[in-house]
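Okay, so chain A shows up in both of these, paired with chain B first and chain C after.
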Partner chain A sequence: MFVARRLVLAHFWVAFVAFLGAIFLGEWQMFMRSPLSAWINNPEHYYRSVTAHGTVMAYVLPTLVAMGFGYAISELALKRPLIGLRWAWTGFWLVIVGTAMAAITVALGKASVLYTFYPPMIASPFYYLGVVLVVVGSWIWVALMSINLRAWRKENPGATVPLAMYGNLAGAYLWAWTSVGAAVEVLVLILPASLGLTDTINAGLARVFFSWTLHAIVYFWLMPAYIAFYSIVPRAIGGRLYSDTMGRVAFALFLVFSMPIGIHHLFADPQVGAGFKFVHAAMTAMVSVPTLLTVFTIVASVEIAGRLRGGKGMLGWIKALPWDNPMMLAVTFAFIMLGFGGAGGIINMSYQLNETVHNTQWVTGHFHLIFAGAIVIMYFMIAYDLWPQLMRCGSMPAGLMRTQLWLWFVGMMVLTMPWHWVGILGMPRRMAYYDYSHPELQAQAWTVTASTLGGLLLVISAVLFVYILARARRTHEAPVPYTFSEPIHMPARTPVALNTFAVWVTMMIALTLVNYGWPIVQLASLEQASVPVIPIGGR
Partner chain B sequence: MSEERLFSWHNRVVKRSVIALVALTIVSMLIGFIWLPPVHEDFTLEGLWAGICRAAGVPANWGSDNASQAGTSTSVVLEPAMARAGTNAEIGRGATLALNCTMCHGAQGMSRSDAPNLAGQYPEVVIKQLEDYRSGHRSSPIMEAIVNGLSDRDVRDLAAYYAYLPKARTAPTTYDETLPALIRVGDPLRNIAPCISCHGGVDQKLGAPWLEGMPKRYLVTQLKAFIAGTRHNDPGAQMRNMARAMTDAEIDEVATFYARKASNGEPGRAAP
Partner chain C sequence: MSAVAEAAEQRWAIIVAAIIAVLIAMMVVTGLHWAAMPPSRVETVDVKTLHLKGEFVESNLGTALESDGKVVVRVLAQQYSFQPQCLVVPEGMPVTFRGTSSDAIHGFSIGKSNANTMMIPGFVATFTTTFRTAGEHLMPCHEYCGIGHEAMWARVQVVPQQEFLARIGQEKRLSCVRR
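Take a look at the complex of A and B:
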């Protein structure tokens, strides 16, 4: 790496230390809710914890990882020093200051709004300003990624953008556009109410704006993991990428389809028309396409690795795979969790089936499996893979890493499978208290204990993860030059559409206007649609 | 690469993508807006356009039927501004007006009868309740007669005055296992939320009255009135729905709890 080494390290360290803190909160929530502990008596503390856990895990961790990884990709893939280092540090500090501001407000009990901005619940303005700073910091990153790619193109006219950088930019543009929804919600609707300038708020409109951000933010979290699937995994396990083009197609499809489908979070919302709910549900089905393409491509790439290592026959290549390689384990675990989580997601997005699981523990189970499971396990791998470059620490301890990954996988399964199960039985999510002495609940008590134990494994795994990173010491040997996966055949010429973003960004914006335009105009122009705000922690 | 133009109909990738996306959008729109709406059993609208409007979420008759208006619990919209503390002038005027109330609500708002305390009551509560008496959403022959003589400004000043007085029991409920379960954690399976999540202790929601130190008889009467529906001015039926699920013994338990006074062995604390 050239100039961004300390920058990337700073992003990763803050992300993972915050992650470590938040995971303890998560386990504390699970424990408090379980039959193992007496109830704390103050549900507010529980919701405060949920807010802090969610804010860190959903906003701070993925944003910092995406930013840090993005800067690293920019230098490693484009093979030129990062342009705008000063600005990048400014963005970093904005994120830090914003996070601190939001965290203090949450800790004071002035923002227990559960990290989803659903009015009429309104938190202290400092919470929202903090989140705004985080987002503004990340916008700087978006701009820098775009500027760096442009500079590279100038130097390499007509050359094919490395796949990792292509995915990186897809994630950046996706984030830039999807964060607009929540930004509008916060700046136009919530902040005026939070500052006391207005007493009422158009809650339905606010929810629609939030849903604009809510789905695609998940894909912003997911991009680093997918970039790792395509551009790190095949190399790390000694294989070749099956298809470079497939990766580009997947990233382009994410750009187009992951954004204008968020109304699937509002299926139970009476203010949004059923027609739009159906259209969003249908298009949500489309985002499974890039995921299926990815699973296919990566499995094919893994098969190449198996065959290169002498695996023969229909399934013989599986045995030949480097199972002691942490990356091999991680990608396997990630796909298993992605499989279960994805299947659950298809149930969530079906307009009718959603009714049965809406707002139950099932939903919590679903997104933990996909995000905290499949995606975060790849965040671990990204850090492990980059660490020798960043710390100049030589190779990483494979045995410890395997233990850490196993703990994370088993812990996540034990945490989330019971959640799915009780969700189907009807256990609501975001409940601070369950009365296990009640005969109708008694039978479900063990599931909560099980999840608590799963959570404990996750805590151990997270501690181990940070320990592995922290114990790395600088050695004197120069780091092995970093490489991304090689495709098995590099196409002679990449179609210009798959080497640029203009078409996909245009489609993304156009589809957003079609899918969101009317619901927004309609709710914004409804008379008497505003309701009094409910300030949280106001008294 | 320069010979291949991006935004051009001759670019195969672009052409196919655009066609596919447009087709997908049109097909899903046709299904969602034209085919599906009339399939619902309860579909009573007539004509294609009505179906499309409904699928787009346009209310067919927004607020035009007055029937629903008659059923609303209150005409007061609680706004945070109603909760602000009064000015000295307002409090002073309120104190004078309150001389008409001392007979029942006690000197300094501390009732010695079964009438509720008003001392330290949140201003928006006093305003809302008086407005409800005035509009007939809450009925009490005594209070309805009294409130008819009050102007809007009088109501606000009275609220400011009573909010300014020290509360009957200044120590707020703190959470420990000795509190009755309904107050602490409610009963989720019966849809009873914890009292302290609205009435103070964990959170104090706008419009939820300060209950601590109220006469027990008053509390019991109000809860029973919520059950019977003779009191129905709670927005969204939030109290009625919870009270209906409560047994007589539970009503007695929570009323006894809230009616206890700071002097009963527990040291009072200065109001925050």
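Take a look at the complex of A and C:
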């Protein structure tokens, strides 16, 4: 790496330290509401904790990982020093200041509104301003990624953008546009109320704006993991990438389809009509296409690795895979969790089935399996893979890494499977405690204990992860030059559409306007929909 | 090798392109169809006068047998209870719930049934379902609505049709709240 080494390290360290803190909060929440603990005497502490856990895990961790990884990709894939280093540090500090501001406000109990905000409850303005700073910091990153790619293009006219950088930019543009929904919600609707400029808020409209962000943000979280699937995994397990084109198609499709579908989070809401719910439900099916392409391509790439290592026959290549390689283990775990999570997702997205699980523990189980499971396990691998470059520390301890990954996988399954089960039985989420003396809830008590134990494994795994990163020491040898996966054959020319973003970004914006424009205009013009705000924590 | 891979990629690309084409056609058709008219069944209600007039005044809450024979249950959610806290519904008859919130966003779901909707202040949520067997269900608020959220549980009694019709004959609005 040229100039971004310390920058990337700073992003990763803050991300993972915040992650470690938030995971302890998560486990404390599970313990407090399980039969292992007495009733919490102040439920407000519980919701403070949920707000902090969600804010860090949903906004701080993925944003910093995407930013840090993005800067690393820019230098490693484009093979030129990062342009705008000083701006990048500015963005980093904005994220830090924003995180600190939000964290302090939450800790003081002045913002227990959960990371999903839920107006008409209104928290202290410092909480929202903190979140806004995090997002503004990330917008600087978006601009820098675009500028760096443009500079590279000028030097390499007509050349094919490296796949990792293509995915990186897709993630950046996706984030820039999807964050607009929550930004409008906060700046136009929530902050005026929080600052006391108005006493009413249109809660239904606010939810629609938030849903604009809420679905696609998941794909922003997911992008680093998918970039790793395509451009790190095949190389790390000694294989080849089956198809470079498939990767580009998948990234482009994420841009187009992850945006105009967010109303599927509002299936049970009264402020959106059945028509738009149906349109969003139908389009949600589409967003599984890029994931199906990815599963196909990555499994094919892994098969190549197995065959290159001498595996023969229909299934012989599986035995020949490098199972002692942490990357092999991680990608397997990620796909298993993605498989279960994806099956659950199909249930969520079908308008009818959704009714049985909406807002139950099922949903918590679902997104923990996808995000904390499949995606975060790849964040670990990204850090492990880049660490020798960043720390100049030689190779990483494979045995410890395998232990850490196994703990994460088993812990996540033990945490989420009981959640899915009781969700079907109707157990609501985000409860500070359950009254286990009620016979109906007593029968479900064991599942909460099980999830608490799963959470304990996750805490141990997270501590081990940070320990592995922290024990790395600088050695005197120069790091092995970093490489991305080689495709098995590189097409002589990449189609222009798959080397640029204009078409996809245009489609993304157009589809969003079509799918959100009318509901927003409709809701904004409803007079009675503005309701009194409910200040939380004395603002 | 490269020819094989190229053919595979091409097949995938064609499938993807076809799906996109179908999708956009569907988008245009459904978009035109629905955008031309207001979203169906979005009903608003004025939170400020909720307690004073209209269908959510206290005396009108609970289960009603409307003149057209339909069973309608009106529920109000507020921090941190439902009104009424105990609902009575018949077994084997379609039941329509109409609910709203007078303050924060609340959630409405009934035990293991599929009855599940958000209660958002300013809007009327409706949900129709049929309970197949008699018995009692828990009815928790499933959306975070403030620090008393975890204490917000109501009950639903599903009673045999005969019993339900007999009981509702005597009262204008039925509930099982102990008085």
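Things worth noting here:
In this text, the second predicted complex is superposed on the first by the 538 of 539 C-alpha atoms of A that agree within 3 Å, B and C clash if a C-alpha of one lies under 4 Å from a C-alpha of the other, contacts with A are read in each partner's own complex, and residues count from 1 in each chain.
In this text, a residue touches a chain if its C-beta (ideal position, glycine included) is under 8 Å from a C-beta of that chain, and two chains touch if they have at least 3 such contacts.
Please read all numbers here as calculations on a predicted model, not as lab measurements.
For the composite obtained by overlaying on chain A, chain B and chain C cannot both be accommodated without a clash.
With both structures placed on the common chain, the touch criterion links A:44 to chain B and to chain C.
By the touch criterion defined above, A:535 lies against chain B but remains apart from chain C after alignment on the C-alpha atoms of chain A. When the two complexes are superposed, the chain touching more residues of chain A, out of chain B and chain C, is C. Look at A:108: by the touch rule set out above, it reaches neither chain B nor chain C.
Once the two complexes are overlaid on the shared chain, A:460 sits clear of chain B and of chain C alike.
In the superposed model, A:202 makes contact with chain C only, not with chain B.
Within the superposed three-chain model, A:293 lies in touch with chain C and out of touch with chain B [touch as defined at top]. Applying the stated contact rule after C-alpha superposition, one finds that A:158 touches chain B and leaves chain C untouched. With both structures placed on the common chain, the touch criterion links A:355 to chain C but leaves chain B unconnected.
Judged by the touch definition given at the top, the superposed model places A:519 against both chain B and chain C.
The superposed model puts chain C in the path of chain B at one of 22-30, 94-102 or 256-264, which is 22-30.
Residues 43-44, 271-276, 278-279, 282-283, 286, 431, 433-435, 438, 440-441, 511, 514, 518-519, 522, 526-528, 532, 534, 536 of chain A lie at the contact with chain B in one complex and at the contact with chain C in the other. Note for the complex: chain C touches chain A at residues 1-2, 5-6, 8-9, 12-13, 16, 19-20, 23, 26-27, 30-31, 33-35, 37-48, 79, 103-105, 107, 109-126, 138, 140-151, 153.
Chain A meets chain C in the complex at residues 43-44, 46-47, 50, 112, 114, 118, 120-121, 202-204, 207, 242-243, 245-246, 249, 253, 266, 268-276, 278-279, 282-283, 286, 289, 293, 296, 355-356, 358-360, 425-426, 428-435, 438, 440-441, 488-489, 491, 511, 514-515, 518-519, 522, 526-532, 534, 536. Chain contact summary for the complex, chain B toward chain A: residues 1-2, 4-7, 11-14, 17-18, 21, 24-25, 28-29, 31-33, 36-37, 52, 54-59, 62-63, 77-81, 175-177, 179, 184-189, 194, 197, 200, 202-206.
Remark: chain A residues 38-39, 41-44, 157-158, 196, 199-200, 256, 271-279, 282-283, 286, 431, 433-435, 438, 440-441, 493, 495-500, 502-503, 507, 511, 514, 518-519, 522, 526-528, 532-539 touch chain B in the complex.
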